[in-house]
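Each of the two complexes below includes chain A, the first together with chain B, the second together with chain C.
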Partner chain A sequence: MPGKRNRARWRPCLILCAGLLALTLFFGWGVLGWPCSPTQPSGASLEAPSAAHWLGTDDLGIDIYAQLSQGFFASMSLGLACGVLTALIGGGLGMLAGYKGGGVQAAVDFAVNVFLAVPQLPVLIVLGAFWGQDRRLVIGLIAAFSWAPVAKQTAAKTRSAAHRTYVRAARSWGAGSWYIFKNHLAADVLPVVLVGALAVVGKAILQESALAYLGLSDPTAKSWGLMINRASRFAGIYFTDYWKWWLAAPVAALMLTILFTRLLARWLEQQLLEGDV
Partner chain B sequence: MPRIRILSAVLALVLPVSLAAGCSAASYEAPAYGADSAHPDGWVEALRLEGGTDWGAPNPFQCQSRGPGTAKMELVYASLLEKDENGDIGWLAESWTMEGNDYTFTLREGAAFQDGQPLTADDVAFTIDYYNAHPPVSNPLAAGTEACIVDHYTVVDERTITLTVKNPDGDTLSNLGSFEIIPRHVWKSVEDPYTYTGEGWLTGSGAWACTAYDGPTGSYEFTAVEDFCAGTPGAGRIQFVPVSDALLAFENGEIDITGVPADLLSQYQADETLGFVEKANDMGYKLLINFEQCPEFLDIALRRAVYAALDRQAVVDKVFRGAGSVGSAGYVPRTSLYYSPDCVEYDYDPDAARAVLADKNLSVTLLAADSGSDVSIAELIKIDLEAAGVAVTVESYDSATRDSMVNAGDYQFALVGNGGWGNNPPTYLRTIFSDISKNQGGNPHSMGPIGYENAQITELAEAQKLETDFEARKAIFQELQVLISQEIPLIVIANQSSYSMYRKDVYDGWMKTYAYQQAEQNRLSYMLR
Partner chain C sequence: MPGRAGGERQRKSTLARAAVQLLEPSAAPGGRVWLDGQDLTALPPKELADWRMAWFSICFQNSHGWLNPSLTLGQHLEELLARRYPRAGRAHRAAVLAGEVGLEVADLGLLPRQASGGMVQKTLLALALALDPAFVVLDEPTGALDEISRRQVLEVIRRRAAAGTAFLVVTHDVTVARQLCARTCVLYGGRVMELAPTSELLADPRHPYSRGLIRSFPELYPQRDLWGIRPGPGPREGECPFRGRCTQCTADCDRGVPELADIGPGRQVACWRGGIAAALTARDIKKQFDGKPVLTEANLRLDCGETVALVGPSGIGKSTLAAILAGFLAPDSGRVLVNGEPADYDKLHRTPGGVQLLWQDSFAALNPRFTVERAVAEPGVLAKLWSTPQQQRERVVQLLEQVGLDPTPELLARPTANLSGGQAQRVAMARALALNPAVLVADEPTAQLDASGRANLLRLLKGMQNAAGCALLVVTHDPHAARKIADRVLLLKAGRLEAVDPDRIEQELEDAQ
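Here is the complex of A and B:
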């Protein structure tokens, strides 16, 4: 029964993709179809959830569903941008190191070890405080501290693939690097890069939220981390009902999004180890 | 790039290494002080308050300029006089006389520093000289400036000193009595008190010795000094402990006094075991315009339009949760004894604001602190000004960095919030609005408009200081407020009222002085009375 086994193997992926799609549609409606603004007050201060405000309003009377929706796309675009940058930097350097070996490999290995050894969050906090509250800077900083693991895995995979007999044979027959990469290495190496980059998406969303929570982002941006920051700093929030919509909503959105992306990356990694992707 | 931010970043990198080496100036533990003798009624072994913020080392040169910073320093160091509910009272000085320009103070018998050395008139004289060479953070003498109120002094004997002032006025006695006395034997050989952390750097003259200070965690411990000459401390120790949520910590008995959110006030007031200290309209927020960077706003029509653009009642309703009032354009809160009802009122009128501002193509950066209320108010200001056609970018930093940037003039618009607006008399009108006295000393009460001058306001702000008759002085203050409301050197946003809540059965000594409502920052709150 190979067909049934195959379906069972793909089921987690389908569920996770369906979950991400559902979140995208839910928050997509919040951006495109929802009448309330994510930046302008549209209700009274701290209104409980209602038909007019599905997830209530914050202290300034701004609709929380609208803010969460804008935050979803802001977080996802930031996560994807970090993932792409990580794939380019980590994948590129990893392939270069694994394929060329020698001094290039030593240099990349050294850089990888340095970036793996540096504690990320404290350095991100210091650099964020030092250089200001620019979103592009946050993307650059997160990518700068995310490429090293991807480069390490990519280099190992490239090294292993490059030493295969048929690759050595192609080299000895005078095949160029691009030809070898395209025809012999890409199928082995690119999935490693993609899985690594996907894992960075979830991590980047979490790190951006952490930086925003610590106040190292545009203070009026509608980021989930900042929403959690503002709500949790409201004096006595745990002694009122406000936390149920103002704080719980962004926490739940953040957890679900990270859970889906991390589990999807994990599933892909598993398939990769089993040689099915 | 502001210097303070560079410094902060460097410190953040260097501090962990320093701490690991055990040599950090931001961490201090002293030998034990304190009395174990029988304790009088009302005494408590330890009072715990919310910590978690580094307000600087508690000495006159290294504390932060804001209330919580200077208040901790004032626990450790004592001045000649203190303030109670009704007026100035003796502190290190047991008596004083005034004759013309001469103010003679007699120190209490047994006055001593915390290392046991006697505190004499020579120390008072040394303190004035030293402050003139190295102005302290809190500087009531205006030492080190041309405006220093002391012309010269005469040491009469070991316990008596006469301070001769340049021009006596209604505030002179209070100011002469408010500077903290430092030990000559410690500081005479210190060339840079702003970085000094050697022996005696926290040896004070006050009722409380600093026995632990850890800057990174914002933790402080003060221990009662045995045989303090001016009174008996009400607790063995005062501890400022870091907490994640002050109200939860209060509920759990981890701290003994905390602020009450407006939403929960009535609920807590039903509990008879709790006591409350009301601080009516004592916190205030103002919008500073740096006219050097935004010269367009020298046109008063634009400043009026900014008032019209701002829905300041929304700040009171949404951010203060109804506990407060829209600020008077004359600056002094409406509940003050000195408030003038003749001040110009500026109503929220977005259409009128848009008519003036929309076609000006204005764009400003608004500097704010990163605390919850400041960011919320900044966001409301941004929403309102953008509706009127002014593009606004909000930048937020921690309170100390924001203050440094404001003092350095590194801003276009700045939102500044601070306590002490309820001070009586409102002497801050001079230090904020007088072109002679503003922007000196780094305190929020001296943060005035940059690039704006007004001779009439300056004249009135300085004149009130020379008036000793209460009614006449009040009249000058009121005239000054009306003028401020007409000329709009800055935009007053709103005043916030707040309550502190404490357990009466734990400690019941919290008090407000005639001039300052922040009970947790008044050192008489920590004395048995």
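Here is the complex of A and C:
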């Protein structure tokens, strides 16, 4: 029964998308409908969760749910921006290298290998320490360290697709590069880029949080990493109950978000790339 | 002893009758006929009647109509013999003649309506030979005869010819020409297409019509599948009569009716292109991979409209040669000419009348995401052949029909990944035909198919080649397939090509291994 099998095939995707949607709605309410400000104190400090403050407040009396909500959109937009940038750089260079071959491919391969060989986090920390106070720079840095694997995979896929017989045949009939890309390569290559970029989304959120935790990100942005940083620096937090809402909430939000995006990326990878010749 | 061969209704009999001045005035014959320096057309009718049968004679195509129904066969003979022999010797002479052509003496007493077709034919022959003429026109002399009578009649003609009688044999049967005639003249549409010594004509016909005619005889090509010349529009006034069915027409052929021209000792052909033209010629092709020579000196000539099989054991370089000839691989050295010019494959691949390759693995050659229509239309779309989707659809439907697929909307919209092996190969073939190639190179077209699919596809490939009129080079390792569809078989051996007798392909293949 093809219908039944199809439904079974799509179920993981539906669950993951529903999860992401639920998170978005939940945090969307926190930004648009929630009366408390994410920057101004709205209660006493370190209040436990209640009807007025769903997730309690932090040491300055700022509502945690409101902070968390803003952090979600900050993290998500950062992750998506990194994903798009990676897709553009990695996908573009990969396709170029795989299609043109020769010198172009050698140059891209070299750059890919350089970026793969450089230890990411230390360099990110150093560079972040130098210029890291700007969000756009953080996005750029993360993207710069994420495009290489995508480019590598894209180039391999493009190369194999471009050597298929039907591409050679089309070229013999006078097909130009754009025609060949659009008609014969895109359907094979773009999923690779998409999967790579989606994987970067989760990774970028995590990396930004790590940078923020280290205090190397934009200190004014309400990022989850920054929240975790501040909570965990609160002296003796584990001897109190405060960690249950102040620390656990951003950690859980981070984990859930990354879990959903990574699983979605994995599912897409299985659907689009595996079972392919 | 010239013979003349031609298909039906090519005006052979008319010419024969004109030669002996027997055409009705309404036919308004023009031109002149000389016999021994004497212009027959200038003779007064009375003299002509005296000389007919005595100096020159004709044996008509078998028909009771030429005989008087109220006279016996013997009386016919005696009536003619009366012009030369005294009454006393006539009966004896008639009996001798009857014996010569294989008639029983008793048969001479029969009336034409009582006699069989064979007897009538023999009588007509005896009449033609009765007065020992110097020149005899024989119109289909063996048409109504069984094998034994046929041999007898041919023997008579041969004996008379050896004794000095000149024969003009009109026949559509090449085997008669082969057995009787020193020279053969091929007629088409009332015009001489080719004139040549018979053995040379049969071994190496130079006019596309002669070639097609000769290759249509299973007697001459017992192994090969039977394929006639492709049907097409008949002769038209003011142009080459074979034009509509010819596979090598160019713009040159618009110049009018070609004249008979010398192309070698004793050989003449009427063709604007000087006879059968080479579609593709390869000279001294060399190719090596990693220092190991694969092709050392491959030479090949592929004529317009013929099917040539390229055989050889696996891994000998057949596909390499096919790729070079089809323009997908550059040789280390050597030249490829297409239509007489150095091959510019960029252009040949992209324009109608060029060179196309039918790839070995048709699934790999079709984008699995393309629909059948899109796949078949791709070369035409890239060559900008069509200005509207309707034109494209019409042509795709036509191409699919040509390769034996039913062009339902469902099939047109089906992704090529969902085709069966045979269907995929057919779709690939339709695509290769989209640009009407002059040369089609098929690399192991049946490698992926089972026996039945293979048989179907080979027949289809040959039929398609026959109808489209392109030159076809089939690469195969299957000697039987080669024998069935190819006009000629070439063996790739030690980097060279050599012609192989179709009967000996297996042995040659074993030797080559």
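What we mean here is this: the second predicted complex is superposed on the first by the 271 of 277 C-alpha atoms of A that agree within 3 Å, B and C clash if a C-alpha of one lies under 4 Å from a C-alpha of the other, contacts with A are read in each partner's own complex, and residues count from 1 in each chain.
Just so we're on the same page, a contact is a pair of C-beta atoms (placed from the backbone, for glycine too) under 8 Å apart; a residue touches a chain by one contact, two chains touch by 3 or more.
Quantities reported herein were computed from a predicted structural model and do not represent experimental measurements.
Q: Overlaying the two complexes on chain A, which is it for chain B and chain C: clash or fit?
A: Because the two structures are overlaid on the shared chain, the partners are seen to fit without clashing.
Q: Which partner does A:60 reach: the first (chain B), the second (chain C), both, or neither?
A: first
Q: Could you let me know whether more residues of chain A are touched by chain B or by chain C?
A: It is B that touches the greater number of chain A residues.
Q: State whether A:219 touches chain B only (first), chain C only (second), both chains, or neither.
A: So A:219 only meets chain B here.
Q: Which of the two partners, first being chain B and second being chain C, lies in contact with A:51: first, second, both, or neither?
A: So A:51 meets neither chain B nor chain C here.
Q: Is A:32 in contact with chain B, with chain C, with both, or with neither (first, second, both, neither)?
A: In the superposed model, A:32 contacts neither chain B nor chain C.
Q: In the overlay of the two complexes, what angle sits at the CA centre of chain A between those of chain B and chain C, given in steps of 10 degrees?
A: One gets 150 degrees for this angle.
Q: Touching A:174 in the superposition: chain B (first), chain C (second), both, neither?
A: A:174: touches chain C, not chain B.
Q: For A:117 in the superposed arrangement: first (chain B), second (chain C), both or neither?
A: neither
Q: Applying the touch criterion given at the start, work out whether A:238 contacts chain B, chain C, both or neither, answering first, second, both or neither.
A: A:238 contacts chain B only, not chain C.
Q: Upon superposition of the two complexes, what minimum C-alpha distance (Å) separates chain B from chain C?
A: When the complexes share the chain A frame, the smallest chain B-chain C C-alpha distance is 46 Å.
Q: Of the residues on chain A, which ones does chain B touch that chain C also touches?
A: Common interface on chain A, chain B vs chain C: nothing in common.
Q: Mind listing the chain A positions that touch chain C in their complex?
A: Touch list, chain A to chain C: 164-166, 168-170, 172-175, 179, 183-184, 187.
Q: Which residues of chain A touch chain B once you look at their complex with the stated criterion?
A: My answer: residues 39-41, 45, 59-61, 122, 125-127, 129-130, 132-133, 215, 218-220, 230, 233-236, 238-240.
Q: Enumerate the contact residues on chain B facing chain A in the complex.
A: Going through chain B, the ones touching chain A are 5-6, 8-9, 12-13, 245-248, 259-261, 263-264, 314, 317-319, 321, 368, 370-372, 375-376, 378-380, 382-383, 394-396, 398.
Q: Hey, which residues of chain C end up touching chain A in the complex?
A: Within the complex, chain C contacts chain A at residues 327-328, 345-346, 349-350, 357, 359, 361, 364-367, 369-370, 378-379, 382-383, 435.
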